[in-house]
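In this document, chain identifiers A, B, C and D correspond to the written order of the chains, with residue numbering beginning at 1 in each.
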Amino acid sequence: MTPSSRTLARGPVWPLFVAVAFAAVALTALVLIENQKLLGAALAITAAFCFCAARFGGVAATEVAASENPWLLRGLITVASLAVIFVLRDDNFGLLMLATVLIYATICLGLTVQMGYAGLTNFAAAAFAGTGGYTAAMLGQQGGLPDALVLVCGGLVAVFIGSLLILPVLRTRGHYGALTTMAFGVMFNVFLDANDFFGGPQGLKLPGINLFGWDFTNDIHIFGLVLSSYVNYVILTGILTALAMIFVGLLDRSWVGVWFDVVRLDETAASVFGLKIAYWKVLAFTIGNFLAGLMGAVYAKMTGFIAPANFTFGDSLVMVSIVILGGIGNRWGVLPAALIVVLLPEKLQFIQEYRLIFYAVLVIAILTMRPDGLVARRVRKLRAEASA
Amino acid sequence: MGTITKRGLAALAVASVLPLAFGSFSAAFAKDKVKIAFVGPLTGAISPHGIGGRNSAELAVKLMNAEPNTKYEYELVVLDDECKPNVGVQVVTKIASDRSIIAAIPHYCSATAIATVDIFNRFKMPMVVWAAVLPEITYAKKYPEVHRVSGILIGQNRIGAQFMKARGYKKFVSFADSTDYGKSMNKYFTQFTLENGSEILGSFSVPPDQQDLSAELTKIKELNPEVIYFGGLTPLGARLRTQMAKFGINAQLEGNSGIMGDAFVNAAGPELAEGTLTFFDSPPLSKMPGGKMFSDAYKAAGYSEPPEAYGPFAYVATRLVMETIEKVGPDRAKVTADLGDVKDRPSIVGPVTFDDHGQNITPLTTSYVVQDGKWVVWEESEYVSGKRKLKNLP
Amino acid sequence: MGMIGQHLLNGLMQGTIYGLVAMGFTIFFGVMNVIKFSHGDVLTLGAFGGLVAVWAANALGLSVPLQFIVALCVAMALTAVVGAGISHFLIMPLRNAPPLNMLLMTMMVGTAIREAIRLFFPNGTNPQRFPELLPAGGFNIGPSFFRTDAIILIIAGAASIGAVYWIINHSKFGLAMRAVAEDTETARVMGINFGRIIPLTFALGSITAGFAGMIYALYYSEINYSMGLLLAVIGFTAAIVGGLGNIWGAIIGGYLFAGLQTFVVAAMPSMSDYKNVFAFVLIIVLITWRPTGLLAERGSERV
Amino acid sequence: MSGHLTVENIFTAYDRADVLSGISIDVQPGKITCILGSNGAGKSTLIRSILRLTPPRAGSIAFEGKTLDQMATHEIVGLGIACIPEGRRIFAKMTVEENLRVGAYLVNAEKTVKARLGKVYEVFPRLKERAKQLAGTMSGGEQAMVSIGRGMMTDPKLLIIDEPSLGLSPLFVQENFNIVRRLNETGVTVLLVEQNVNQTLAIAHYGYVLSQGKIIVQGESEMLAKNEEVQSAYFGGAH
């Protein structure tokens, strides 16, 4: 971006309204529609709209408007989210899926910090999420601890377990790093299967969340309306996702993000700069694992059941594929990608046993057509640089 | 790659035709439509069972709809739980929150069923499990919504242990997969075998996808048991039988419901499968009251996949649900209440009686042996007459 | 511990299969810097191709040795074509994308192959019996039983490893392959047709998978649609532990992994549940100790 | 005499910006033609354009009257054009002999390859001693020999040499330039790209001076050597 373009008049605001409204409508439609023909039509319209927006500068206009009016954007997203929740208020399944999408998206935000920003490879995201989930289950059995603390503990234990891996993660790079985490992910699973203390292959049941006396398993009665109990989870996961989104965004725009870039792009140069690579790597690894553990605990509480089969190497791959499909290193990409990856297999139920092959072919098609993911990483644009 | 894309396209084509085919027989009459849901594993290694169950459930719906005097037109909603608890929770939440679906016929895998019974209870949706065998599904809690037509694995193991004791076997090795299924099988096998005063020389547990069993088999060969007890499903079971032969281990193989079916005999080959024993909670189709009707209708419907061992149970569960709806109307609470009273209800597998936990308690456990590439009821086999002999008989 | 000889032979057999698979990974990595995760499923495809060939040959009334040859040729030809096709249509267009995209792409290709076998091979979800084409029987040394077919297969596996090694290090094609691997641009300036060498290299790597698939099928007499998945994970592990891009590393990694698994079961049978836990913990320790593999990339054996 | 290369009005771009804008050169058969220019003048891009490693977006290149505009790099090399790339670019993980053999990749007859190996070893006896050594373990000067030897293995009609003096001691540079001259005397047409003005002009017949993607001066090397304008323009671009 040339300096002169910064001094241009502010862009119009309306693209932002259109974009948020469209996203909300598309999301609701995708969650609600069960009829496959209608669903196909909705997907086609969404794709066409996105294509046209990209083709005729709508995306760029939205980006400009978003960066110029950050608070308006946040406000619009909040309003749109509430509207979506209102429309879906008694659709238990839709809300469950929505909360699941948000949980996956947040875990993948953590992965974005690890893989997209700091260039670490992590093929054990599901294992870290599982660590959080099992922490919640075990603490729940003891009782006594308030749930807010239990969830945070989920994140902290994931960080602790992750810290056992720090040495190998720091020492290895690229594919070797991939193996380290992959081995851990597989090991996590085999261990839980073999071990009876943590419920073995049959898993453990755990109660829903009770946050400060508010029981998440009850339906909400408000203004004469009955809202599904899952609204609780959607609101909680929505808030957590928003917080993670803001946090990761701040991280990316701050100097920490620049250090991450340096670590990722050229480790040799980074060490010449006298930068403590290990420090930044550990920081990124910790942030990612905390988010995974936290959301894993929420997930376990929400589904009320936890078993090794929920956190396999395959699930870690799903999370990595969300990050890649979304466009590695772009935090906004995880949202549409999580939506596609989590919701699509569910929506494809009608083709029954042909689901998996269809899904694989679809991902291959996306990768071939958009090698950089749905939303590509943007070149860093620092405020400092813009004002210079 | 050319072939793969073509196959992908073929899959797409088939995928788009399937729902049309299923939908076509539902628009015939102006009866009220009632939806019921079938849940089972349609992808993954044990999908043959899920697909066999689905076909059987579908057959039940088809036959019911063809009857002129029914009050409702039934539609089967089919969902894949991938044999994973979290996916099971998802799809069950989906059907349970869909008010137009009255009842469900869920699950082949026990861990999945254990995870979802709470949801059925929470959403007050009646269901009849068609295949999962762990006792905890019906007995862990007393949920009025939860019923099961298939047997639980305790019976298989009790009868199996008695059978082996009667033949004089004393030295056993247990070989089970590391899933909940294998572990439970091993637990009850161990309990009943030790009660009989027999000896278990060693217990092995391997992941169901482990291919090479040579390390375990070398150890087993050293232990030299009379019988190898297997607690697991067909793929691993066939692998075990094949590799036992390669190592020259001449022990008698004893299995359970998990290897019951033609797939085991095909994969191990008729020669190696010969003489393998299993104890399974169902008589053969030919012995069932409605077995002939079922197999003829199944054949006539033109399914390319076999119904597998639990197909008849999926049929019975679906039929039972539909009969109840005919009786009390499409209302979840009424269906739940009426299912609680099922006693000596005739079905193609024999009378169904639910106990206070919703468990079918009609004893159906039958002993089978492979003879000339077919599973034969023990009492009718040439092994009883002494014409053929089990291995390693003391 | 009278069965040490037996365990040794078991480990040797498994290690040969793992090593062959790992060798494929290392070839792909060496020349294109990619981890081709569909490798295991190409192996499965080879075994199923071999099975169909045996059925066909049997129907034509060919003798058992001829059936064997036909099956081997079909398995290798099929995997070669599929491997070259994957590289040409899917990997080459993505070669400038981030390496993780390539990993995801090849995983999805693997899934597509696996599901295609499951759905479109008759009765494909169930395990298939693979006819025994090698002489049965064997001989005893002490308490250990040495299977004739296992010995033949180990020798065949070793021979194929040797053959691939020769192709890479002493043939003109291998020369071109190594040149492309080390510096693609300079290789092109030397007149090497990059667009032809890459698919050929993938064909070679995939042939090793086809060969491994046949060894697997003949040794276990049973194949199934998902057999490649675990083998891919183990092969990848072995290739990394050995040191990516180094053929000897891949082979050492393969035998090491087989040795670990065998050792845990042999020494602690009651802990057999935990054998993969042990194996993977040791792998993590090894990789921490030697972060670029036991034999780091060096020397002329890069590919 | 063969090896006539003509470059007509080519434009080459990386991303969007043109690096070469309208370059025309004519490499006369049997002669040594040199391209002089400072860092970033576009010398390497010119070579990449000729070999179509970075295909020009406009203009035309022909070798011995045959247009190269639709060819792939390996096909162009097949016509008899060899290149000794900048920075030597030897295959460090191969032995010396393997490096040389890659040079003769397009030759199928083992006999011819052997004969050419013999020739290279004659010029560089040192390489014969080290034939089985990994090229990456050799000194910079020896690696330069490998790179030149690899170019000779092609037995080209036209040899393109990119900055042979880069990173070498003056003594080696002199020796390399002598070898280039000797090669040329055996009939090989040479296109020499260099920063080193004086030594280059001493062996070249004709020269072009490249600055910011354009030819600013061209002429016989004696003329260029005396041309003060050239010298200042050239060095002006450097700093």
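To be clear about the criterion, a residue touches a chain if its C-beta (ideal position, glycine included) is under 8 Å from a C-beta of that chain, and two chains touch if they have at least 3 such contacts.
Keep in mind that what you see is a predicted model, and the values were worked out from it rather than measured.
Annotation: A-B is the more contact-rich of the chain pairs C-D and A-B, by number of C-beta pairs in contact.
If each chain is reduced to the average of its C-alpha atoms, the one that sits nearest the average of all protein C-alpha atoms is C. Here the spacing of chain C and chain D, counted between their Cα centres, is 43 Å. Each chain gets one centre point, the mean of its Cα atoms, and the points for chain A and chain B are 37 Å apart. Chain centres here are Cα averages; for chain B and chain D they lie 74 Å apart.
A separation of 53 Å divides the Cα centre of chain A from that of chain D.
Residues of chain B in contact with at least two other chains: 7-8, 11, 43, 47, 51, 178, 205, 207. Looking at chain C, residues 90, 109, 112, 115-116, 119, 273, 276 sit in touch with two or more other chains. Among all residues of chain A, those that touch two or more other chains are 190, 193-194, 353-354, 356-357, 361.
Because contacts link the chains in a way that matches no line, ring, star or complete pattern, their graph is best described as other. Inter-chain contacts occur between A-B, A-C, B-C, C-D. Listing the residues of chain D that touch chain C in their complex gives 51, 53, 72-74, 77-78, 83, 85, 89, 91-95, 98, 101-103, 105-106, 134, 150, 154.
Within the complex, the chain B residues that touch chain C are 1-2, 4, 7-8, 10-11, 43, 45, 47-48, 51, 178, 202-207, 209-212, 214-216, 218-219, 221-222, 234-235, 238-239, 242-243, 246-248, 263, 266-269. Of all residues in chain A, only 36, 91-93, 96-97, 100, 190, 193-194, 200-203, 205, 228, 303-305, 307, 309-310, 346, 349-358, 361 touch chain B in the complex they form. Taken together, the chain A residues at the contact with chain C in this complex read 115, 121, 165, 167-168, 171-176, 178-180, 182-184, 186-187, 190-191, 193-194, 313, 317, 320-321, 324-325, 328, 353-354, 356-357, 359-361, 363-364, 367-368, 371-373. By the touch rule above, chain C contacts chain D in their complex via residues 172, 175-176, 178-179, 182-183, 185-195, 298-300, 302.
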